Amino acid sequence: MDFAPDARTAELTAQVRAFVDEHVLPAEPVLDAQLAATPDDWSPRPVVRELQAAARTQGLWNLFLPGTGPAGERGAGLTNLQYAPLAELTGRSPRLAPAAFNCAAPDTGNMELLAHFGTPAQRRDWLDPLLDARIRSAFCMTEPGVASSDASQIGTRIRRDGDALVITGRKWWSTGAMNPGAALLVVMGKTDPDAPRHRQQSMVLVPRDTPGVTVVRPLTVFGYDDRDHGGHAEIAFDDVRVPAANLLGGEGDGFAVAQARLGPGRIHHCMRALGMAERALELAAGRARERSTFGRPLAEQGVVREWVATSRVEVEALRLLVLKTAWLMDTVGNRQAMREIQAIKIAVPRAVQAILDRVMQLFGAAGLSGDQPLAEMFAAARATRLADGPDEVHLSSLGKAELRP
Amino acid sequence: MDFAPDARTAELTAQVRAFVDEHVLPAEPVLDAQLAATPDDWSPRPVVRELQAAARTQGLWNLFLPGTGPAGERGAGLTNLQYAPLAELTGRSPRLAPAAFNCAAPDTGNMELLAHFGTPAQRRDWLDPLLDARIRSAFCMTEPGVASSDASQIGTRIRRDGDALVITGRKWWSTGAMNPGAALLVVMGKTDPDAPRHRQQSMVLVPRDTPGVTVVRPLTVFGYDDRDHGGHAEIAFDDVRVPAANLLGGEGDGFAVAQARLGPGRIHHCMRALGMAERALELAAGRARERSTFGRPLAEQGVVREWVATSRVEVEALRLLVLKTAWLMDTVGNRQAMREIQAIKIAVPRAVQAILDRVMQLFGAAGLSGDQPLAEMFAAARATRLADGPDEVHLSSLGKAELRP
Amino acid sequence: MDFAPDARTAELTAQVRAFVDEHVLPAEPVLDAQLAATPDDWSPRPVVRELQAAARTQGLWNLFLPGTGPAGERGAGLTNLQYAPLAELTGRSPRLAPAAFNCAAPDTGNMELLAHFGTPAQRRDWLDPLLDARIRSAFCMTEPGVASSDASQIGTRIRRDGDALVITGRKWWSTGAMNPGAALLVVMGKTDPDAPRHRQQSMVLVPRDTPGVTVVRPLTVFGYDDRDHGGHAEIAFDDVRVPAANLLGGEGDGFAVAQARLGPGRIHHCMRALGMAERALELAAGRARERSTFGRPLAEQGVVREWVATSRVEVEALRLLVLKTAWLMDTVGNRQAMREIQAIKIAVPRAVQAILDRVMQLFGAAGLSGDQPLAEMFAAARATRLADGPDEVHLSSLGKAELRP
Amino acid sequence: MDFAPDARTAELTAQVRAFVDEHVLPAEPVLDAQLAATPDDWSPRPVVRELQAAARTQGLWNLFLPGTGPAGERGAGLTNLQYAPLAELTGRSPRLAPAAFNCAAPDTGNMELLAHFGTPAQRRDWLDPLLDARIRSAFCMTEPGVASSDASQIGTRIRRDGDALVITGRKWWSTGAMNPGAALLVVMGKTDPDAPRHRQQSMVLVPRDTPGVTVVRPLTVFGYDDRDHGGHAEIAFDDVRVPAANLLGGEGDGFAVAQARLGPGRIHHCMRALGMAERALELAAGRARERSTFGRPLAEQGVVREWVATSRVEVEALRLLVLKTAWLMDTVGNRQAMREIQAIKIAVPRAVQAILDRVMQLFGAAGLSGDQPLAEMFAAARATRLADGPDEVHLSSLGKAELRP
């Protein structure tokens, strides 16, 4: 057992940290200004392109993509354990840093699927432009009206019609899909409702401009439309016709494909959430040193010290659990690491939400406003407790496993 | 000791409940549509005027205004204890119901101040149109850069220049002030920085259109601009000149005037927060009966039952504490009820925030979106933990009192 | 609605408070010394008798017994609402005060049953000596090996044999039964396992010295044997034969009789638990004023103030819920007050446990020892979360009721 | 970074686990019987000697003692990281397993001090018999009446009188000291009250039978006298005279010596506490599978699954933090690991207390009794939140460090 990072991780961590400090954090007010200047636009703002160019120059690009598999040469070739501290650092500026390194959800998950399950043609058509950040993408799984954690409830139908697949259904919470540049929609639907529970679903690649695709409306999270990363769309699919070659994986593989995506997706969420907590604690420390009430700096007040100490302990313990989970994914595989993935998915967002709540309290009303990144991070952490299955599904599954003889 | 409401309370409660159910709740989607139709407008929407007209016809108007004092005949003449359940009912639809009955903050507090401290001319010029809902108002106390819970830190200066008062400073979180119809700004500033700590401040009535008043920008709370009730403004006062007759109360009375406003303001916040919790629990019950996961309705799942039961117990206990506080304010006065006012100010928003968090979890991502009122209520409850002093100031004060020999 | 106690309550509260302060609290070290002097004895100690004599002289006797019913003239004739603050005061010294006023569980519940369901002969033989504190009693419901909250699982059998009832089974957690002076055992068993679920059980009066009754062993709660009030016994009933006239209520009434006992029993537990919290807060205040760490009295430390303030708010809110529950029991009856009884049963012990935990922390290791009453109170509060059904049964039932359309 | 244990750790872990399962757990009822048979005896029971003999035969002896230093050859020569999982396993049976391997507090800490600071004569006289378990020892630091976390408050005086040291003062919570076989008392007192704050104290070795030493009384923790490991004593030192050669370390080194002891002591506490949590979770799983209420096994009830899952996640995260702390102690030293030591000291006992509370609830009243080890473990975990400084001292110190610029 050894808790020291390897040399490559240490080097990349220093490099990414410097990039975030020197390029990304100063770009935050620029993003705000660009968003305010064109309030109706759902496209990425120019500052994102500039950061991407700078990151790419430094070789900080597609860090998330494992080095194995057909597209391995395009990624940084890092293990999950090596990528973890880098992903955490991107969480310090969640609106800009993940995109700057082309490591933003949902594109990362979609790129992993294409790298793993895609045909050469699919990789050429979609993976290459995604790896170049020429296009963005969305993942269309969640549906209004059903509990998405229960895959058997999916209502979208995909039926074969000769060489075509015809998709009918309604999706929502398709993150990124308000962005007109999100050229690819990865859609999950049922090809065979009579098959066994986990063989009913298939995954299909749908170009955004296919007839029958209608982006109905944007959804908000608390009051945020998350316009900077393409928002969250409700999308109608009315007899949307794509070639059968657009199937990602085989027919009936949809559930397995989705599962393959969720493991890394969940751990990335957790890593970034820890980065949000670290950013918040930095802000808290600054605030506590500068602000006084009733004649004493906040930093000398016992309650503030307890908040900060408690938060620090939670972050340290949970980071180790995330790292161990990454190590398990690397050494025994995602499936064998399922219980640990569930554990961090439950514990990290919950803890980070509580930490952000404390730090907002320290900032007073400013902490709830757009003057600090805290409330928007809070909304993101809160949403993570529901994304990819609500906590309760994971708690129940984990508890069941624990109680098995 | 008797826990039954008196006859007038019972009757008004039934009437207000019916009005909210029949008029206000159905108006919520209308408000959404009107807000979406004119996204840049900060004025109240037509649906508010219609609800006000209907409520006034039924005599459900200015329910908050105590029957005593010079303007008593204009209010409903209710005690705090009688008003409590009515205020709670308005919390079930916080964007519309308080305004419908002309019982919305910050106007209620401003009207109380004018009724209590205003000269006949001040009452004629400002209280009468407020009681008629012809104008709205804002309260300008909080300042950027200082801890507002510590009145000695206020930076805004009010200096006398002959028969005029000249105000210079900067305020923010002036709720309602983005609304161009908020004709009156009640501004707290320092008239004498050398006076004893609580005699340095004065309160002055500033017409919104006075030269030197600049509404700088709107602030957001968790992404919400709260446009429906006039938002939250940052306002600059640059050599703003008003007649000395605009002083509300005497010179040096500012702190006392502000305190007079805070007691009722805090209990009203708590009452409405309980109404939000009740609305959330109603929504939760509906959701839990209708939605199933893994083959069982949520209503039959133990964890959901615990959430609902725990929430119910918290609401019942805290409502009684709010009612007792109202009774104390009525019987021994606001000052003698200070510890109870602090107690509910601490406990109620915190509990309601937790309840809303649970109910959002029950609704999945929809619970965080604009499709349900939960996230916006959450933001409101969260803000209440900072408004009128953060929890920690009240906890410290209450703890200090408790530990006194 | 009126939160002021009536005149009789105010008077009795003052009288009981004075008695506890002047007689009971000073007797606590006497009890400790008497317990240490005869460590193997399970009988009440002399100091209890002395306190009983003093209380009886002052007319503070059988305060718990409602004034209605056949034995009403023997009790103080108080409503639940009137008794509540008195019961709370006895919680300040839980080992001595309830017994001093002949208001100690389980005798109170047994006396209520005898008063309500007993025949004149049963009342003469058992109720009269209990009301005089000449004997004590135990209630034998809980059984090892089954979930006692589920009455259908009861394993003790009562079969008729001519004019006799023959009881076979095993009970535990029979509080008070280690005391050789506990002359009466009230035993619940099944007379007809084939009857409908809640008609299978009957309740029978068993003199302690009946052949076949074996007190197997004492149980401990944490490390306490609760010797001062007769401990908690495991009891074997082997073909125990009593006259059929010893049936309390009719055959098959056992469940209903038990339920009748539980409502008042639960509220009394909650009242006393609040008294424990008040005692703890008094001790906390003294400690915080006297003890300094790192140069500052604990009373000036923010964290300590928050603990005390939070505890105070919880106590105030929950006391009101207990009082309202008492009022409902008085006005609409125990059955109609079932949800409120469940609510306090859930919320009060849990809050009091948390308060005691905080106060123990304030006292350091002394707080866990026999030098302070805190740890023993903690054990009692913790046990209350299981007595008469674990919290989870009540939460589930309350949640189910709340989610009903 | 690597989360796999090294080969020696893996091997020893398997060996210790097997020993605990095969020898120690079956010995628990034997211990109970031996304690019941001689209730007034404070000596270790025969079963402890037997387990020690068996463990020693297997080479599982003095596992805690680092391999470096003058007495290194007597210990197992493990790093903190290697010892951690072994210490955890001993926590599964805290009354027997630590003693079985001669790894029980406070002897471990005392042996480390003797190994590190002792003269050859001191090591021969005291360390050798301790390493052989021929004697036991106590550590006398805490005093009644002062906050022990503040070393400057220590009241015990040690004055030089020629070649002798004369000790006067009163100690309590001297764990193990009721055992007549605890031949050595390690006593901290002030040699120079005028020296700088952390140079006032010295540590001295006092044979138990020295005239002037009076064991005043045993203290209890939640009713437990902890007789099995020598209880907790209050001890009076009245002009106790020992040779000056009994000074452990130099004059004025007392604070530094105590600190040297506390780091390992704290981490050992945390390791064992995690073992208690694991034992509790095993018991919980068994109970949940076997017990049904209202027709369903507890293991299928959502609330129970959440308890178990939440507990599992806490244990996994905190174990990693403990292991990382051990690794830091091994690699950068105890002083550099101070913040991590504080972090686990705060977080682990608190979490384990909560876990034990949940499992007790699952067991019903049996969980609070002596029939299960849960309540006694709860008392131990609760006490750990105060031992070696209350949580609040560590939280404040950690928060202060975190807020430093």
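As written, the chains take the letters A, B, C and D, and residue 1 is the first residue of each chain.
Going forward, a residue touches a chain if its C-beta (ideal position, glycine included) is under 8 Å from a C-beta of that chain, and two chains touch if they have at least 3 such contacts.
Because the structure is a prediction, the values reported are computed rather than measured.
Engineer: If I average the CA coordinates per chain, which chain comes out farthest from subunit A?
Structural biologist: Using the mean of the C-alpha atoms as each chain's centre, the farthest one from subunit A is C.
Engineer: In terms of residue numbering, is the interface formed by subunit B and subunit C classified as same (over half shared) or different (under half shared)?
Structural biologist: Since more than half of the residue numbers are used by both chains, the interface counts as same.
Engineer: To test your reading of the model: what rotation angle superimposes subunit C on subunit D by C-alpha positions, in degrees to the nearest 5?
Structural biologist: Angle of rotation between the two copies: 180 degrees.
Engineer: Give, as an integer number of Å, the spacing between the C-alpha centres of subunit D and subunit C.
Structural biologist: Spacing between the chain centres: roughly 37 Å.
Engineer: Averaging only over C-alpha atoms, locate the centres of subunit B and subunit D and give their separation in whole Å.
Structural biologist: Result: the chain centres lie 54 Å from each other.
Engineer: What whole-Å value do you get for the distance between subunit B and subunit C if each is reduced to the mean of its CA atoms?
Structural biologist: Measuring from centre to centre gives 44 Å for this pair.
Engineer: Scan subunit D for residues touching two or more other chains and write them down.
Structural biologist: Residues 302-303, 306, 392, 395-396.
Engineer: Okay, in this complex, where on subunit C does subunit A touch?
Structural biologist: 301-303, 306
Engineer: Mind pulling up the subunit C residues that touch subunit B in the complex?
Structural biologist: 1-6, 9, 81, 281, 284-285, 288-289, 299, 302, 304-310, 312-314, 316-318, 320-321, 323-324, 327-328, 331, 340, 343, 346-347, 392, 394-396, 398-400, 402-403, 405
Engineer: Which bits of subunit A are touching subunit B when the two form their complex?
Structural biologist: 142, 144, 147-150, 172-173, 219-225, 291-294, 303, 357, 360-361, 364-371, 375-376, 378-379, 382-383, 385-387, 390-393, 395-396
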